[in-house]
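Here subunit A shows up in two complexes: once beside subunit B, once beside subunit C.
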Partner chain A sequence: MTTPLIQIRGLEKTFTTNESWLGQWRFRRGKFSKQKSHVHALNGVDLTIYQGETLCVVGETGCGKSTLARVIMGLAAPSAGEIDYLAERIDHLNDRQRMFFRRRMQMVFQNPYASLNPRMTVYQTLSEPISFHNPLFTQSQVDEKIEELLESVGISASSSNRYPHEFSGGQRQRQRISLARALSVEPDFIVADEPLSALDVSVQAQVLNLMMDKQEERNLSYLFITHDLAVVEHFATRVAVMYLGRICELSSRETLFGSPKHPYTQALLSAIPRLDSNTAEPIRLIGEVPTPTEKPVGCVFQARCPYANQRCYESSPAMVLQTDGSSVACHAIEEGRLWK
Partner chain B sequence: MNLLSVSHLHVNFQVKQHSLPALIDVSFTLNRGERIAIVGESGAGKSVLGFSIVNLISKPGYIKSGSVKLDNKELTKMNLRQLQEVRGKRIAMIFQDPMMTLNPVLTIGQQLVETIRSHTKINYKDARNITIEKLHNVQISSPEKRFDQYPHELSGGMRQRVIIASVLLLNPDIIIADEPTTALDVTIQAEILQLLLAICRDNGVALVLISHDLGVVSKVAERTLVMYAGQIVEEGPTLEIINDPQHPYTQGLLNALPQMTLPGQRLNQIKGSMPSLTERPTGCAFHPRCPYATDKCRQESPSFIYSGVSSVACFMIEDMIDETDRDEDEQL
Partner chain C sequence: MKHLKKDILHPISDTRMSHIWSGIIGDKLAVLALIIFAFYCLVALLAPLLAPFDVNDVHFMDLLNAEIAPSWITHDYRFLLGTDAQGRDLLSVILYGTRLSLTIGICAVLIQATLGICIGLVAGYLGGRIDNFLMRCADIQLSFSNMMVAIVFLAIFQSLFGMALYQQFAMIILILVIGLSEWPLFARTIRASVLAEKQQEYVDAARVMGFGSKRIMFRHILPNTLSPILVIFTIQIANAIIAEAALSFLGLGMPSSEPSLGALISEGFAYMFSGSWWICVLPSVTLIILILAMNLLGDWLRDHLNPKVYKD
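Coming up: the complex of A and B.
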């Protein structure tokens, strides 16, 4: 818990919306002009993930959660900033140099129907990463490993020659296979990008239990990306709340759910559908998440924040450590307009 | 009199030589302005039920027997023209994914105006005014501008609002909403649910909400039906069902919610999974997953019985009620 596994400093990612050279030309008022438009998906993210913890990243669609996951995994190159894995910088490596780190970090994707190759049997799906990363393994060693993996995620080894569509359990079995594939190279860090959102409530419980068991067995660290706060409340060690490519609140689970500080966190928490009927009305946010085509000036949340003042429009708040151990980026809290 | 009454509805799917039951003896009623919810895992037959109410079941599925009555008029025997009068005008449907429901090559306005004009004789200008009014009702900002926009220009929450507006155009009596918020974020989900609730209350529209999330249901519905493997296993007032679930399956569904266990603890999962249509177990369909199953459950299927809280189809509850009856008889 005390050793930092992944350290991220000032991470930025910009996408160009018109990538091709021809697509950048516009014809307006009898003149051709060239322009590029950008989407700023990440605007300076600082984050540390410790060994053996579950860091949950929550936020609405379009806030950059998935981009964060992809950049950490090296599936997209960052525009600026650094990523360290056990104090070794990994963001600028080429494919060959990165291979060692690919073994240590794995990913589970959202939709088990799209992320498993329908033309590969479970055996093929699992044997590929194993024999790629362990070239010295003999055939029998690979078989043994696959059998052990399948048993550990609760699928009988006899079904290893089936195709994903042949499993009667549907979504549940598929997400188990995805997890088995991620575990096959024995990583110590798994990024899970909304692994539960395509699943039913009862199936969610099964997959979540499995993930918790594996964490205990192998001392895994998770970066868990979700918009479902009920799951976060159950599963997280620490929670990072993201908005428009920035982290606006970072604290331990107990602190976040006990006393949410940032106005956005408060609105998010009030929107959870609770079973008891006497909870307060949800705080309504005006408007929706804007697409950040312009690099935002000032606080990212200003357009929807009920407490925004002139300073929020002009300067961007920094993360400030609070007395109870949480960090919040908000001018209103800094100035004591809120929570004092 | 009930607005909608479904009684002993059987829906089967014809696969090669086999006729597989998807809905078995489903009965319920819906009053004017009432809001009910249908809850269950995927594969329970919730959507099939939603579709068969408006007779939208297409091959290989067919309605084997039973009746669906709207104001005492039988829907299952209507021809296409008569059904067209009911669909949209009397009973409207909202589907899960708004992007799939809206036509991507037509503007919002074109689609909504077309809906009105295909059902009523009205000129374009009036239809446009009604559309803009309805878009305004579902809290869409600057409806005149949205009218000429294409679906891809709107966000997910906005699209679902457009769908709700389109459903309202013809002032239906019943709205069937099939997982209307599953594809949306939590914050947007809360807004859409509030909107649906407000609209149903204000206009006296009855709502059938199909969902797998009991948290969502508890906010909106007055009455809940729990479905398992094509059958209704429990029916009762939503609050009673959430506070005191009777059927083991309902208990399992509730206990599986993350907020029912302490943080960091293992979640209570229901073991196994929903049987597919081809491998339906004998007796009570839930017995392979039920922690209380006995030999009787494996052989006979239970019938509906009122437990004092809700109506349940379960032998365990039946036995408990029998015992209390016997005790009372002895005392007398």
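Coming up: the complex of A and C.
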């Protein structure tokens, strides 16, 4: 539980907007100048994921959650920063060197329709990674393994010759197959990029329970990306709240839901619709979400924060460990301007 | 409990082939086109058995029999469709010509497809500079008329190596020329579908598994882009046969000792106004029916595989 599995330090990712070389030239103030526009998706993320825990990353659309997942999995190269897997640096490896870590880290995707190849049967989908990563396996060993996998995610082995679109169970069955595929190489870390958001609410719970069962069985660690706070409350060990490419609060589930500290977290939590309480008035955030095309100066949340002062506009707050074990990046809390 | 589900499953197992098959049965025009195409293929395959004369026989060409009209005019039942200017039985020559034309068409399109699919996949999947370079090559290739490229190449070859060598390798050279000049059509179509498929999460999933680009391109993306390939494939065969016929008509195709349909038409054209119309018209009709059937099939496939109608 306490061994750090994945350590991320100062991770940054900048996308260059894709313009042709002619489109980069701008006519401004009487002369041509060349400029590219950038999108800063991640601005220095520090995160540690411990063995056997579920770290939920929450935040609004466009705050860099999915980019974080893709950079960790090596689907996109980071612009700066380091990613370590059990104290081995993995972010600069090429495809061949990364192969060992591909087996250890897997990913479950958001859309159960797009994440399975429509031209491959369930058997093909599962057998390909198994025989690819275990070249010495015989055919019967592969078959045995597939049967075992399908059984473990609750799909009968007899349906292994079906194509994904032939499952009448639709989304749920497909997401189970996705999970089976991720588990097929026996990873110990799974990144789940909003695996529930494309599912019906009735199906979400089943898939979530399946994921929790697998975690118990195999001592998996999850990085679970979501914007559904109800899922977080049910599932998370720790929660990281992201805003505009930065982590602004990181704490255990109980602490976060019991006493949220960062102004953004407070606003986020107050927006959960609840049946049982009518006390809290939702905190309204004023202002627009800034577009991440310019690298933010100061605190990322300054434009919408009701407690922002001059210092927030000038310098970016660091993560500070609080007395109850959570860490928060906020000048106002550091200075005690904010009571909570 | 979970396994009970499978009992109430409705297996809607329609794979692409059975989908196409059930569709083709319902469409009379498509059935007709398919039957005609199958007939042509059969005839081409069995030409040596079906032909009433042996084309390799020395007596096959006999000037005494030259320009005999079809049997329904002359009632000379030795030659069902008459004979050409060299006294060859027209039916036998047409059978062999069809065989040649179809072989050239299909082989040329196979070359086109192989080249086009590989280039299109690489350009679409790898993107960036490679994509730019390959697509500009395709643009350059497309900006020349295929006919012009073929004519220039064949003329140069004939003058460099002489007619004798050319006639020996005429078929292979024709296949190569027609095959190499039309790959951009395939490449562009494949690239467009690959660009769309690349966004799908299953490609990311394959990358996360650590599969190499080659495996992802050919095993994962290619099967999902097969519908447009199938359509172009059919129509391109017709185009290749037309191209071969046109080249032969211009005297750059098959030699008259081993005539394809185009070469026959070209030869017969000279006798058109001397009254021997059948030498030109009969091969033309054969060619036109073949092309029409291929085009009908291609059109029907395109309509039927339209993603708006057909999904998964």
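By definition in this document, the second predicted complex is superposed on the first by the 328 of 340 C-alpha atoms of A that agree within 3 Å, B and C clash if a C-alpha of one lies under 4 Å from a C-alpha of the other, contacts with A are read in each partner's own complex, and residues count from 1 in each chain.
Heads up, the rule we're going with is that a contact is a pair of C-beta atoms (placed from the backbone, for glycine too) under 8 Å apart; a residue touches a chain by one contact, two chains touch by 3 or more.
Only a predicted model underlies this, so the values are computations on that prediction, with no experimental measurement involved.
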Combined model on subunit A where subunit B meets subunit C, clash or fit: fit
Which of subunit B and subunit C A:99 touches, first, second, both or neither: second
Partner chain(s) touched by A:77 [first = subunit B, second = subunit C, both, neither]: neither
Touching partner for A:203 - first (subunit B), second (subunit C), both, neither: first
Which of subunit B and subunit C A:297 touches, first, second, both or neither: neither
Superposed model, angle subtended at subunit A by subunit C and subunit B (C-alpha, nearest 10 degrees): 80
Which of subunit B and subunit C A:61 touches, first, second, both or neither: first
Subunit B versus subunit C as contact partner of A:318, first or second or both or neither: neither
Distance of closest approach, subunit C and subunit B, by C-alpha atoms in Å: 7
Residues of subunit A contacting subunit B in one complex and subunit C in the other: 168-169
Touch list for subunit C against partner subunit A, complex: 2-3, 5-6, 8-13, 15, 200-202, 204-212, 219-220, 223-224, 312
Touching residues on subunit A, where the partner in the complex is subunit B: 60-61, 168-172, 200-206, 208-209, 212, 227-231, 233-235, 253, 267-268, 270-275, 277, 282, 284-285, 288-289
Residues of subunit B that touch subunit A when the two form their complex: 41-43, 155-158, 185-191, 193-194, 212-216, 218-219, 239, 242, 252-254, 256-259, 261, 263-264, 266-270, 273, 276, 279
Subunit C partner contacts - residues on subunit A that touch it in the complex: 70, 73-75, 95, 98-99, 102-103, 106-107, 109-111, 114-120, 128-129, 132-133, 154-156, 158-159, 162-163, 165-169, 178, 181, 185
